[in-house]
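Take this structure first; my questions come after.
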Amino acid sequence: MNGFGIIKGMIETARNFVGSYHDAQRLTTVQYPEQKLPPVENARTIPFLVFDGDDAMAGLRCTACVICEKECPPQCIYIVKDQVKKPDYVGKMQMQPKVFDIDISVCMSCGICVEVCPFDAIKMDQVFELSTGDRFGKLLLDKHQLAKPNDYFVKIHKTEASEIDVRREEDKRKAEAAAAAKAAAPKSPATPGAAK
Amino acid sequence: MLNEIAFLLCAALTLAGAVAAMMLRNLVHCALCAAGAFAGLAAIYLQLDAEFVGFAQLLIYVGAIAILIVFTVLLTRGAEIQPGAASSASSWWKGVPVGALVLACLIWSIMASPSLVRLPSPNVHAPVKQIGEQLMNQFVMPLETIGLLLTAALLGAVVIGLREPRTSEPNS
Amino acid sequence: MTPSLNQYLVLSALLFGIGLAGALARRNAVLVLIGLELMLNAANLNFIAFWRFGPHPEKLMGLMFVLFSIAIAAGEAALGLALVIAIYRHRRTAQVDRFDSLKG
Amino acid sequence: MSGLDQIFVWIGHRAAGWFPASVQPLVSAVLAIAGVMAVFGTCFALTTLAERKVLGRMQNRFGPNRVGPYGLLQPLADAVKMLTKEDIVPFSADKTLHFLAPLVLTVPVWLAFAVLPFGRNMSAINLDAGILFFFAVGSASELAVFMAGWSSQNKYSLVGAMRAIAQMISYEVPLVLSVVPVLMLAGSLELNDIVAAQGTYTFGGLARWNVFTPWGLAGLILFLIAATAESNRSPFDLPEGESEIIAGFLTEYSGFKYALFFLGEYLGLFAVTGLAVTLFLGGWHAPFQWLEWVPSWFWFAAKFGALIFLFIWVRATLPRLRLDQLLNFSWRFLVPLSLINLLVAAAWYWTGAWKFPVVAPIRWLLCAALIALPYHWLGRALRGAMPPPRKYIYAE
Amino acid sequence: MESIIQYLWLIPTAPLLAAGAGALLPRRRRRLSAGLAIGAISISFLLSCAAFWATLHSGRATSNFRWFDFGTTSVQMGWVLDPLGAIMAVMVALVSLLIFIYSLGYMAKDENFTRFFCFLALFAAAMLGLVIANSLLLFFMCWELVGLASYLLIGFWFQKPSAAAAAKKAFIVTRIGDLGFLVGMLWLYAKAGTHLFYDHGQGCLEPAAAGGLVASTAIALLIFCGAVGKSGQIPLHVWLPDAMEGPTPVSALIHAATMVAAGVFLIARVYPLMTPGALQVVTWVGALTAVFAASIAVAQSDIKRILAYSTVSQLGYMMMGLGAGGVAVGMFHLTTHAFFKALLFLGAGSVIHGCHEEQDIRKMGGLRLRLPVTFATYAVGMMALSGVPLFFSGFWSKDAILDALHHWRGSQVPFYLGLLGAFLTAFYMTRQVCRVFLGKPMTVEAEHAHESPPVMTVPLLILAALAVMVGFFGTPAWPWFQAYLDGGSAGFDLSKLMNEHQLPVMLLSTALVAAGIVWSGWIYGRASARPAREADPLEVAQPALFACVQKKFYVDEFYDATVVRLTTAFARFCDWLDRVVLGGLVRAVCWLALALARLDRNVDKSVVNEGFDIGTEAVRGAGQWVSRLQNGQVQRYLRVIGLAFCGLLILLLWGCA
């Protein structure tokens, strides 16, 4: 019979209408500012800089190699190398950035910087409430704003971070073992790090 | 006095609409102005206590005929191709004098007839019921004929307006 | 003071004159049709006016005439415009002075 | 009973009484106009909100709930936004018509409310040819839509306007034809008479509304379908189909003019809804005799609200039609069916003279069959005329 | 009675409507067409039975109406219900119904099945209309319609040249008789002033009119001409055997049971007009036909042709019965004959159908075992036709005729001819049965013959039962049939069977029949064992006589040599006349006219044309000038109208002022 399909459809919508008032399961909407969905591990927004330890500037893993700056498609990373070097986690002396800015109004969240970074120093963040009233000043993030502890990294991307941590522990142990071996061996003047 | 003013207003609307409809360049404007003239006439009918006719005028002229005209204008691309200014200018002197002559004759005849200065009879109204009864009794044959005529016109318009089958076109 | 019959008649005559002038002067078939409609309306106004000011308004004669006239005008407009469209399809123009295939 | 029932009438009389007698008619007219505009203006505001809320709920969402308690002040916010927006007129637009179109749409729609009886003794004017007046002023909206679409000089606008006119012309026929049986049976074009004709009770207090007769039921359904199309609402919202032609004839409108169009469309919807209530649902009469004590305007408002809810409900349910489906549906289904409904009404009238036991159900069933069978056949024929459903090769 | 007469017209109308509907049906709607025809004839049958029931209690009822007027006279039509018509209607409707059903099976493979049933229904309608007609005019119309249906059905397989020729022959030969009928009818109208049979004492058959007729013997003989044509009496019998080219159900229905009986029925119907002189002619013609056709049948080898000649012979018996014994005797034989001859034809059809369209009896044989039902029913039919005593209807009806002839005051020759015919009938029927059913199969087809489907055999069984039973309604002991037709009542009196008038005739005919059967059985019972190619035993014995008989006494050849050749010669003469004499005259006139025309042309060219040229040029010029006014510009026309309006207005106003 003609028209029954319409009636069936209308019964369905009526069921939704009534049901949405007494059956909270039906309502898929989240009342955002008050409620938030738990973030998904693979979510990615903009990059941030990982540091180890408590002092952000001291523990920055970045070695200012500028690979990311060169690879970034929209050219939103700006790096100036510092003249002063600092030792990295295995005790090797590395360069460090004097300036590390990311213009997040330009960044397109492609994650190429993360992929090319050989030091696991730059990773993707999950923050999304980035809006601001000052579009010229507040959207250019400097290294202080970008630097976030490794714990945070572990918190948001658990799998990836723990894997990296294990590898770095391994490296560290190897380096210590090497250092110990070197310490046990006759002193060589050619190792300035060891001299320290 | 109030009646006079209302009449003058309606008459002005009607005449302005009519003149604009006949003089404007853009055909769509012409059609819309003609609709305005029709609406003004409807108001005059209302003022003359012919409610039913007034509403019918509004419904048919503004609601149907004006739309039809507009459609035709669009379908014949009248709104895009402007008629050549020269041809219309040359035709003004052919058309307007005749119109003016007819108008003069009519007004002369109106003025010349003495029995026409007359005031309306009071309290006339045409109830819909009476119109309906007349239509069903005295005027039933014309009514049926009109029905037949409109059906024929409808069919005719559809047939004329139908796109012809491609094979019947002799050239092209 | 209410307007008298003469005023309506003059209005009707003016409308008729405008319609006639337009129908004669304009070249576009649609405008010619509009002019005809205006003339028809002028006639309708005459009927209504004579009905209203006539000696037997209760007989509704003029009113009826106008009703039928409006109905016929609707049919006439539909048919006329359909003709214009049909001619336009063949001749690619809606100028009446180009429609002279039936000349002697 | 009469106190509460006639309260608005009473207020009007008292207010007019403060003025000198010579201007009293004018004052009472102004008061009536103001009342109608105020009530239906508010109604418009509330309906925009209600529509969004109900639509949301029907789609398992919340709908607006941020501005004010339960989002009640949302219309206000919308109004502020609309009125403060920049009024953009396209460079190549026909400025005059572009400006006039919203006015031509809105003003006649207000006029249509003049003849609707909102309650006992509550209609602005008692016109002898009320229905004719209603449809006559309603016919201007087609011109307005055309003006809007054409003057914008935008192809989407023009396409939208053309669709709108084709749709309005096609559905005006069944709209008017579905009203005719009511006029036939009531024997009057005056809305108050039509309401009065439905004012008696039968079967121990059940109202004699037109909708309780076979032709009335069919007429109401036909009327509502045609009214949905006339007011360009979903599923007949082709003229404004966002996914197809941006916003149809409204594409080039913004700000206040856009709001006016919106207002005009909603008011048009209210007007036909009010007419449906008046013609088929007994106007301001109570459904049962023992409910007569409830004020008449309340009944009108309740029925009005129910029908508005129905419109929103339909909008939430049905997808948009295609243009060929739309026109076929009108000319091949609604128009013949409403013509047949005329005959059914005539049959109902003649069978009214039957005198034998249990005549009422027999008469009802007979007339219902007279309309149900054509409904079935026409539906089948319509389905046969439609192109077959599209076969998707890669989907499924 | 009064009620049934009001609806009597439905009897022919039902099949007529079915025929009309069938004519409009597309060819593939086979079932619908057959269903319509069978349903319609069933309705007719039921109505006929009702009518028959009504006639059992009362006599005659008529319903007349005025068809049209010319001048002061009016042509009246109507229908009549009396025992004669009722019994005929029941018989026609019943036989038709059975044959329609039979045709379902027989024609199942034919691609023009739909058309066939349309024609059958048309025939039934015409025949039933004829039966109930109360006006000689209406009777004649139906008579012609019947002829038309017969023509259509004989030529049903018009692709066969022989069928087409047979159809034409049937149509033309019967037309000869109909011419006499028509003349008789007109003469009757001139004398009696009416064509109505019964009209409250005013009809042409009622004593008031019929008694005072002058020249009524001539009228009767002219009408008898029609009957001769339709019923295949000498000398117009030649079409009937040829008509066997049609489908077998058609032969059964039309050329055995019903239509050919229409001639007999006609005589029965107008019996009051038949003067003693006319009746003598009827009897003699019948007697000659009976013997003549029976003797031809002896030497035929086509199964249907034998039956056709048998039919002619039996029709002769009916005529004899009518002439010598009156309506009841003839009609009784008509009725019984209808059933058993239909049975025989349908049985023959079943045989033909079973033997894959083989019609030559010499190529059959031994079908007794392969077509048991057909054989049983055919045997019943054969015995009924031969007049085997006591149990078969043919015996009683034939006996009544012979009895009537025996007591006829005119002459005893017809009686002896009738006895000879009875002997011959028994002889050729036994020959046929022996050839077809007994002995051994002569050909492969006969060996592989198969029984027909039930839709064909069931009608056979019903007809067989009827062929036996109908006879008991007209025995001398209980002459119910005769009493019914004459309007009296019949008592059962076995002693009448034994009185001295009846018994000798009965015994004589029984003896002759027995002789015929035994002799034939003796000859052909043995012969049927021999191969088909061998000559017939009779041919061996009397070759010249047999050849003569086999060639149907050379009647067709005689007609060819006399009538046809004469006609041809006359036509040649007319042709010559036309060509030489009239043609020469025409040519002379033609030459004269040509000469005149040449003269005229010169005058025309030089004198008249020049003048006209000048005149037309002037007119054309003027027209061209005027036509410039109509330049196709509508606005110009409108302008002219406007100006004219102004002019008129001014004229009017000045006139007023």
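The chains carry the letters A, B, C, D and E, assigned in the order they are written, with residues numbered from 1 in each.
To be clear about the criterion, a residue touches a chain if its C-beta (ideal position, glycine included) is under 8 Å from a C-beta of that chain, and two chains touch if they have at least 3 such contacts.
Predicted model only: the values in this text are computed from it and were never measured.
*Asks:* Hey, how far apart are chain C and chain D in touch steps, shortest way?
*Replies:* 2
*Asks:* Can you name the chains that touch chain B as well as chain C?
*Replies:* E
*Asks:* Without chain B in the mix, what are the joined groups of chains?
*Replies:* Result with chain B masked: A, D | C, E.
*Asks:* When you average C-alpha coordinates per chain, which one falls nearest the overall C-alpha average? Tell me, please.
*Replies:* Central by C-alpha mean position: chain D.
*Asks:* Which chain's mean C-alpha position is the greatest distance from chain A's?
*Replies:* Greatest centre separation from chain A goes to chain E.
*Asks:* Any idea whether B-E or A-D has more C-beta pairs in contact?
*Replies:* A-D
*Asks:* From the C-alpha centres, identify the chain that is farthest from chain D.
*Replies:* It is E whose centre lies farthest from that of chain D.
*Asks:* How big is the gap, in whole Å, between where the Cα atoms of chain A centre and where those of chain C centre?
*Replies:* Centre-to-centre distance between chain A and chain C: 80 Å.
*Asks:* Could you grab the centroid distance between chain A and chain B? Build each centroid from C-alpha atoms only and quote it in angstrom.
*Replies:* 76
*Asks:* Where the centres are mean C-alpha positions, what is the separation of chain A from chain D, in Å?
*Replies:* 57
*Asks:* CA centre of chain B versus CA centre of chain D: separation in Å?
*Replies:* The answer is 29 Å.
*Asks:* What are the residue numbers in chain E that touch two or more other chains?
*Replies:* Those would be 635, 639, 642.
*Asks:* Spell out, as numbers or ranges, the residues of chain C touching 2 or more other chains.
*Replies:* Each of 20, 23-24, 97 in chain C touches at least two other chains.
*Asks:* Enumerate the residues of chain A that touch no fewer than two other chains.
*Replies:* There are none in chain A.
*Asks:* Can you list every touching chain pair?
*Replies:* A-D, B-C, B-D, B-E, C-E
*Asks:* Across the complex, what residues on chain C touch chain B?
*Replies:* Answer in residue numbers: 1-11, 13-31, 33-35, 37-38, 41, 44-45, 48-49, 51-53, 55, 57-58, 60, 63-64, 66-68, 70-79, 81-86, 88-89, 94-95, 97.
*Asks:* Spell out the residues on chain A that touch chain D in their complex, using ranges where they run on.
*Replies:* Per the touch definition, chain A meets chain D at residues 1-3, 6, 9-10, 12-14, 16-17, 19-21, 26-29, 31.
*Asks:* Where on chain D is chain A touching in the complex?
*Replies:* 54, 57-62, 313-314, 316-318, 375-376, 379-380, 383
*Asks:* Under the stated contact criterion, what part of chain B meets chain D in this complex?
*Replies:* 26, 28-29, 32, 35, 39, 42, 51-52, 55-56, 58-59, 62-64, 66-67, 70-71, 74, 79, 125, 127-129
*Asks:* Could you pull out which chain D residues touch chain B in their complex?
*Replies:* 94, 97, 127-129, 132-133, 135-140, 142-143, 146-147, 150, 162, 165, 169, 172, 187-190
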